[in-house]
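Next up: some structures, all given as structure tokens.
In the two complexes below, chain A is the common chain; its partner is chain B in one and chain C in the other.
Presenting the complex of A and B:
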């Protein structure tokens, strides 16, 4: 839930020094609030993650451009609802393997936090119905096994020995359904069949 | 398939995702009409104060209000804003949900019913303080909040 306001510079002012000021508003509250770090800035983005960290609230943001002795009207966003509009990152994936089975343990990504010392909140806590799309590609047969799972650990007991498998997983959250980017591709080879090895 | 479990009430045969999609297509149009952003009808504290046991009574009051007051009086606006299809999806599904809610009316439920009703009255009270058109627009615009709260009971 890292929420960054971005905007384009006004047209027709290339080469002119333009600075910007940002304000945000919590729907249902009374006043627009400023963010000191986003007052009179020349960049065209402002990180409002701390200000919008309560994902059950809804927010507006607006930005004004100032150049020479002029200032623009406020450009305002629509109503932003972090709970329904945040994008989610991929899960962490841990694999263990033997001859014909693989165990996959998935860990949901964590919510954005102000600083590392802050308590971690798993996106699983925020979205109890979070699911995972698991993709297992058999490099020998060129076939991919896909499964949508809700629990965070699964065992695939039907693998072939001495075969390279590549795994990718996406997280899926409800609301307007949002699919995370896939996790880093991880490839592992199942062990050789010990019985045939001993002959 | 999935169902709503509002306390002891069960509601099957409603696809929450369909409601989500219906509202999502009209969200920006409707919310842009709401110029009174310093008022939120479905305030966080109202929704957080509804216990699991109260949820069936609360949602019944709320959905009845949406059907009998909000949707009914907002209908003409939907043709003007060209959002009739989404609006119908939401209306029809609310009718189905209400028809399937079977809250227990036994005596020992009285305090729970009372408490649920109090939370609903907070919502209704805020609604009545606004000019009618503004209130209707705001109630429609807050359906993402309502659906998100309902989703917690969808399993």
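Presenting the complex of A and C:
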């Protein structure tokens, strides 16, 4: 739930020094609030994660452009609801392998934290219906199969020995579905078939 | 406790299409209708759900003709979905599994008071604009119930 406000510079002002000021509003509260780190800035983004970290609330943000002695109207966002609009990241994936099976352990991503000391909150706690799309690619047969799982671990039995398999996993928040980018591809080779090795 | 399976996807799909338009019409940022839903206790969930489904059907969706055709059509679809959700919750009441504590009654009274403090058109638009809050609350609470039961 890292929430960054981004905007485009006003048209027709190339080469002119433009600075910006951002304000945000917590829906149901009384007034617009400023963020000192985003007052009179020249960059075109402002990280509002700390200000919008309560994902059960909704927010608005607005930005004004200032150049020479002019200032623009406020450009305002729609109502932003982090709980329903955040983009989830991929899970962490741990693989263990033997001759004919693979065990996959998935760890849901964590919520954005103000600082490392802050208590970690798993996205699984926030979204109990979180699921995972596991993609398994057999490099020998060049075939991929997909499996949708709701818990954190699964075992893939009946794999072929001495075969390279590649795994990618996406996290999925149901209705309206939000799919994470895929995790880094991880490839492992199943062990050689010990029985044939001993002949 | 009663925790029926609540299919909210039809509502979400219809609402997604009008969210931007309806929330833009709501210019009263400093006022909310569905305040403090996340402080409702599990025991009160069924009662508050039933009361809010009725609130929307009786006090909000009825005024959809005052809105644009596109929004009004979506609201009709949402209204039908709410009738289905009401039928889902109804058995809970029939089996006396949907008690209303004082706190639940206060919570729904507050919501109705918030509505009444506004002029009808503004109240209807604001309530419609907060449908995502209500649906997210149902999803969060009714899933957790069914998965841990």
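Keep in mind that, in the parts below, the second predicted complex is superposed on the first by the 198 of 199 C-alpha atoms of A that agree within 3 Å, B and C clash if a C-alpha of one lies under 4 Å from a C-alpha of the other, contacts with A are read in each partner's own complex, and residues count from 1 in each chain.
In the analysis below, a contact is a pair of C-beta atoms (placed from the backbone, for glycine too) under 8 Å apart; a residue touches a chain by one contact, two chains touch by 3 or more.
Model, not experiment: these values are computed from the prediction.
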Fit-or-clash call for chain B and chain C when the two complexes are aligned on chain A: clash
Partner chain(s) touched by A:36 [first = chain B, second = chain C, both, neither]: neither
Which superposed partner A:116 touches (first chain B, second chain C, both, neither): neither
Which of chain B and chain C A:28 touches, first, second, both or neither: both
Shared contact residues on chain A - chain B and chain C: 25, 27-30, 56, 58, 60, 78-79, 81, 83-84, 128-129, 175-176
Complex interface listing, chain B residues touching chain A: 16-17, 20-21, 24, 27-28, 31-32, 34, 37-40, 43-44, 141, 144-145, 148, 151-152, 154-155
Contact set on chain A toward chain C in their complex: 25, 27-31, 56, 58, 60, 78-79, 81, 83-84, 128-129, 175-176
Interface residues, chain C side, partner chain A - complex: 8-9, 12-13, 16, 19-20, 23-24, 26, 29-32, 35, 38, 129, 132-133, 136, 139-140, 143-144, 147
Residues of chain A defined as touching chain B within the complex: 25, 27-30, 56-58, 60, 78-79, 81, 83-84, 128-129, 174-177
